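Note that chain A is present in both complexes that follow, paired respectively with chain B and with chain C.
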Partner chain A sequence: MTLALASASGPAPAARRRLRIERVTGLGFALPAFVLLLLTILLPLAVLLWLSFTNYEFGGVDMDWVGLANFRKALADPIIRRSLVNTLLYVAIVVPGGVLGALLIAVLVHRRKRTRSVYEVIYFLPVTSTLIAMATVWQFLLHPSLGPVNGVLKWLGLGPVAFLSEPSTALATLAVIGIWQLLGFNMILFLAGLTAIPRDLYEAADIDGCSGGIDRFLTITWPLLGPTTMFVLVTTMITAFKIFDTVAVMTRGGPVGSTEVLLYNVYLEGFQYFHTGYAAALTFIFLAFILVFSAVQTFALDKKVHY
Partner chain B sequence: MAKVALSSIAKSFGATKVLDGIDLDIADGEFLTLVGPSGCGKSTLIRIIAGLEHQDAGSLAIGGSRVDHLRPHERRVAMVFQSYALYPHMSVGANIALPLTMARLRLWQRLPLLRLLSAERRAVMRGIESDVAAVAAQLQLGHLLDRKPAQLSGGQRQRVALGRAMVRNPDVFLMDEPLSNLDAKLRVHMRTELAELHKRLGTTFIYVTHDQVEAMTMSDRVAMMDSGAILQLGTPSQLYEKPASLKVAQFIGSPAINLLPATVAEGGRVELFGRPLALSVPLEPGQAVTLGLRSEALSLVQGEPGGGRAWFSARLRRKENLGSEYVLHFDLAGRDATGVTMRATPAVAAGVNEAAEVTLGFEEAAAHVFAAAGDRVEPRGQGAATASVVPLRAGA
Partner chain C sequence: MTDLVLPAPVTPVRSALRRFLSLVLIHGVLIAGAVFMLAPFVWMLVTSIKPPAEIFNAEISLWPKQFYGLQNYGFAMEKAPLLRFALNGVILCGGILIVQLLVAIPCAYALAKLSFPGRNALFVLVLLGLCIPVQVPAMPLYIALAQLGLLNTYFAMMVPFFLSVFAIFLFRQFFRSFPDDIINAARLDGMSEFEIVWRIVTPSAWPAIAAFSVFSAVAHWNDLYWPLIVISDARLAPPPLGMMFFADAETGSNYGALTAAATILTAPLVIAFLVARRRFIDGITVTGVK
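Right after this comes the complex of A and B.
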């Protein structure tokens, strides 16, 4: 009441003062978060952007402004192109495998009552383990002459497969390891989504004659998992696009460049060849992909997701 | 349309016995309400009838044939849930249509992409649409068919849930506390709508509620349940006027029945606060009994109580104004009883002052007597139960 009257005849000094205090208080509360954001994300990004326009080399004393030369070079570089194709191929295998596989496991595990937690732990274990440590285990498992996987293949009468040293199988093998590592985390997310679906709905569906497994899944489970699926899809895509550790530990981009991926090239350029400016430009290309992925998915899927 | 027959239905969850041998015959077209406090087993019973739970023992017949082995949708029952259980991602129309699409289309005709190959699908869908439209028109939902459940008010959602149940033409409607999520005003309105719907459809309704007002206002018969057993089965007025036990008497009626401690004296005569009443029961002298008096059975006594019986003194604690009448709350002066409530016209209520001591009288014939175990005790037939008090007239 007083505020309405005051604003009609110009704010009273007391009201104006309160408004100013409120504003300052609001800014004060937002400030710590903003400072953190600035220091840890925005500022490094700005430095990165600035570096990508220079020919700075790590440890060098001077540098030149080269404009868009780094970007032009990257787009023309056949190695970068190949690593980009490899990365996208890897994403194309890991995303369907990691999302649909996790969904299937979650639906199966969700039905278990007593053994559910046991399965949860088993599938979640790879998430908690360090991929670098696990990579050595995988390397042993897949070894052409010593590994048990090839042992089984040999027993079945199939020739030994050099999974990691054959250009045709190396990337796919890394993708399988990538799926193995993502499965548990995605499964937990899907399980949370499944738990959030009210039991009433399944009961109503039972009474309405929608009681077969396929019907229940298509009518209730799948549509109501929409928000979860969107989240899992986006995070899986970004995680898969960031593939680096298995490549660095197990194949180093080989054989014959068949597992060279974008981040591994950034690492090589930045930390092995010390082409910091060029690496910065590559990182920007990488970030642009991630941004496009999340934006496209969020907007495209938002329309089909309920709530 | 069908009658429903339950015989010796029993159910336990682990060590907890939820239902203990329920026998119940529900007539074709009857509106039967299962009422009771929470945890009494009424929801479990209706879920067993629906086929969502399976009884440990006993059998269930709908329309004369056993349905124990049938899945829920094969039992030709429809259910309305407390939460309505509407499919949140489907439009109102699709929600109502779901039971029909499930029944009339084969699995492959419902699958994405594959369904495009079906030639007859379009004709079937047109039939479904017109059936949905007919039901929607009955429930005044016609203009809402394209909305999502989240865009509807509570009452509208309730009607969509009803529509989804009606569209299948079920033999039996099952309703599990369908009105408890509505606000008070809408609940009263939906009570009328449900009762009218029952009259119009003529189908058997089985209704679960913990609200005795819903049970009293809508039902043909009420089954009052407690601890997994039916305490009393009868018409609403039977339950109100002749409660079979203390628990029924306490649960049915608002405000709650007044309970006063009394004893049995020589010859079975009931004594209240040391004064004998014109009421005798076939019980041994010295036993404690409980006297139940509805709040409308009490009245104010003017001047000296006549005949020396059927009265007690009390002190006004609070007046509750309900508009058309008052509920007066009295403390019993010096007695270790919880106090009593009395309905009074505004004029009578105006005549009572706070903290003033008054005399309350009642007719013995209106009193219910319950033995110590809680069972109803019928008084011995006698002509002495004449009006012993003169109610205070307005303005007197």
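Right after this comes the complex of A and C.
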């Protein structure tokens, strides 16, 4: 009896003790992170979901369960529709500009030897700068009468363009500033991708008679850069979809709603008008888009293996 | 088959000429892009030392006729506590980063090297957390902070960022490749798990920690959304919010002072970037290394 027990746990006590210590320390080490995860992400998400089914207004006293009314209202609201269209339009300008522009610059910079680091620094500078401060500078650069951009246009014989106060140009102008901000970031990611392409592939291509720059790009660089491109594409989409800063500082949604974007509306409804329930529903619409983009990314990264 | 004619006329002179032309084209494109990238910075610096008269006559000149820098910077510093904004930025970024590291490193070590109940579930939560931007939990957090009377505090500004699921994810990847033999040897030497984490594993992950620190500091120095929500007291404003307050105040179209303020608030990060170029590029693009 005692012998059987001893042999069952014979060599084990030390190992079992070890295992117990490991479990306890594991739990202990994970606990602070788990508590914070609970308090700053999971619980707020649950509260947000619950709020989105109510007509709660922050600071108000009564609150009723309204079911899906907030979501129905959001989908029918012309302001929300317009802001969604504007956001997608903004994404549609920033993504091709920010991705293809960065790819072009990366391919050109990659083969420079002496000047490479100079160009890297210059193109990366806007990424590190405080966008809000630079937005003020952009506002001045684009000023209809005082700005140098219009100064140049005038010198070229073109009339002044009120970039930010003209409904037809305001959103596109913000998109150009968006491209300016993230081009360097994407360029660095592309450069990392380019460095990973083996040099002898290009030599092999040379021997096969594929020597033109564009030929080489299409047969080697572009296919091998596939996973990088996919990653850059999705992160750019997510970043662009979250546009808020430049709108909040430069246009505040104007002129005549032409730069109203989703996150700005979430901010206005939630923290300016305190339509908390409604803003909660809008937040979920915002989150739905982000999750779709993230899902595309996961799918694309899985595909990476097959290249 | 007509293609066969093409390679024939490539004489040394022609190929040299072609090389030269392609170099001109390449640098032409790169320099044009560089002008677009640098223009706002150059214009910011130039305008910040120009007198109002030269700003308002809208002449494009890259150097002021009359040096007016002292007045512009003096006015900006006097009208707004710019150094205070910068200090707030330092407190904010420092506070967030310290807690992020203290929380994420042990958790990442546990996820990478220890087996404990709920480990996989926790990791799934971490992965899901990666997809949730701060704008999503913002409203419930705001309501909670308001109920607790904590709006307009440094704590309110920092609390949503104390947990960085990204840091946990990144460090876990790094710790996984740390050799088990060393950990076991340390255990045999009688080291506690606590000592193993902080004295053996953490120093080995230095590159990842440095990269994450830069990433975190840049992100929170420049963040506007959350401070805009919880801070209305200008004395607590971090740089972006401070810039917004300053631009909204009477300065209206005093571009000399505005660009001076923008220069002061942009300078710390830009200078840090120019000094530690590689670290910065690695840090900010660390999200792409997944």
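By definition in this document, the second predicted complex is superposed on the first by the 252 of 307 C-alpha atoms of A that agree within 3 Å, B and C clash if a C-alpha of one lies under 4 Å from a C-alpha of the other, contacts with A are read in each partner's own complex, and residues count from 1 in each chain.
Rule of thumb we're sticking to: contacts are C-beta pairs under 8 Å (C-beta built on N, C-alpha and C of every residue); 3 or more make two chains touch, one makes a residue touch a chain.
As the structure is a prediction and not an experimental result, all values here were calculated from the model.
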Chain B versus chain C as contact partner of A:126, first or second or both or neither: second
Which superposed partner A:220 touches (first chain B, second chain C, both, neither): first
First, second, both or neither for A:235, with chain B first and chain C second: second
Partner chain(s) touched by A:184 [first = chain B, second = chain C, both, neither]: second
Partner chain(s) touched by A:201 [first = chain B, second = chain C, both, neither]: first
Touched partner set for A:291, first chain B, second chain C, both or neither: second
Partner chain in contact with A:71 - chain B first, chain C second, else both or neither: neither
More chain A residues in contact - chain B or chain C: C
Chain C contact footprint on chain A (complex, rising order): 19, 21-30, 32-34, 36-37, 40-45, 47-48, 51, 58, 101, 104-105, 108-109, 112, 115, 117, 119-134, 136-138, 140-141, 145-148, 151-152, 180, 183-185, 188-189, 192, 213, 231-232, 235, 242, 244-245, 248-249, 263, 266-267, 270-271, 276, 279-280, 283, 286-287, 290-291, 294, 301
Chain C to chain A touching residues, read off their complex: 22, 26-27, 29-30, 33-34, 36-41, 43-44, 47, 55-56, 58-60, 102-104, 106-107, 109-111, 114-119, 122, 125-126, 129-133, 135-144, 146, 159-160, 162-163, 165, 168, 193-194, 197, 218, 221-222, 224-225, 228-229, 239-241, 243-244, 247, 255, 258-259, 261-262, 265-266, 269-270, 272-274, 277, 280-281, 284-285, 287-290
Residue ranges of chain B touching chain A (in the complex, touch as defined): 50-52, 71-73, 77-79, 81, 83, 85-89, 98-99, 102-103, 107, 110-112, 148, 150, 164, 168
Residue ranges of chain A in contact with chain B within the complex: 198, 200-201, 203-212, 214-215, 218-220, 223-224, 226, 306-307
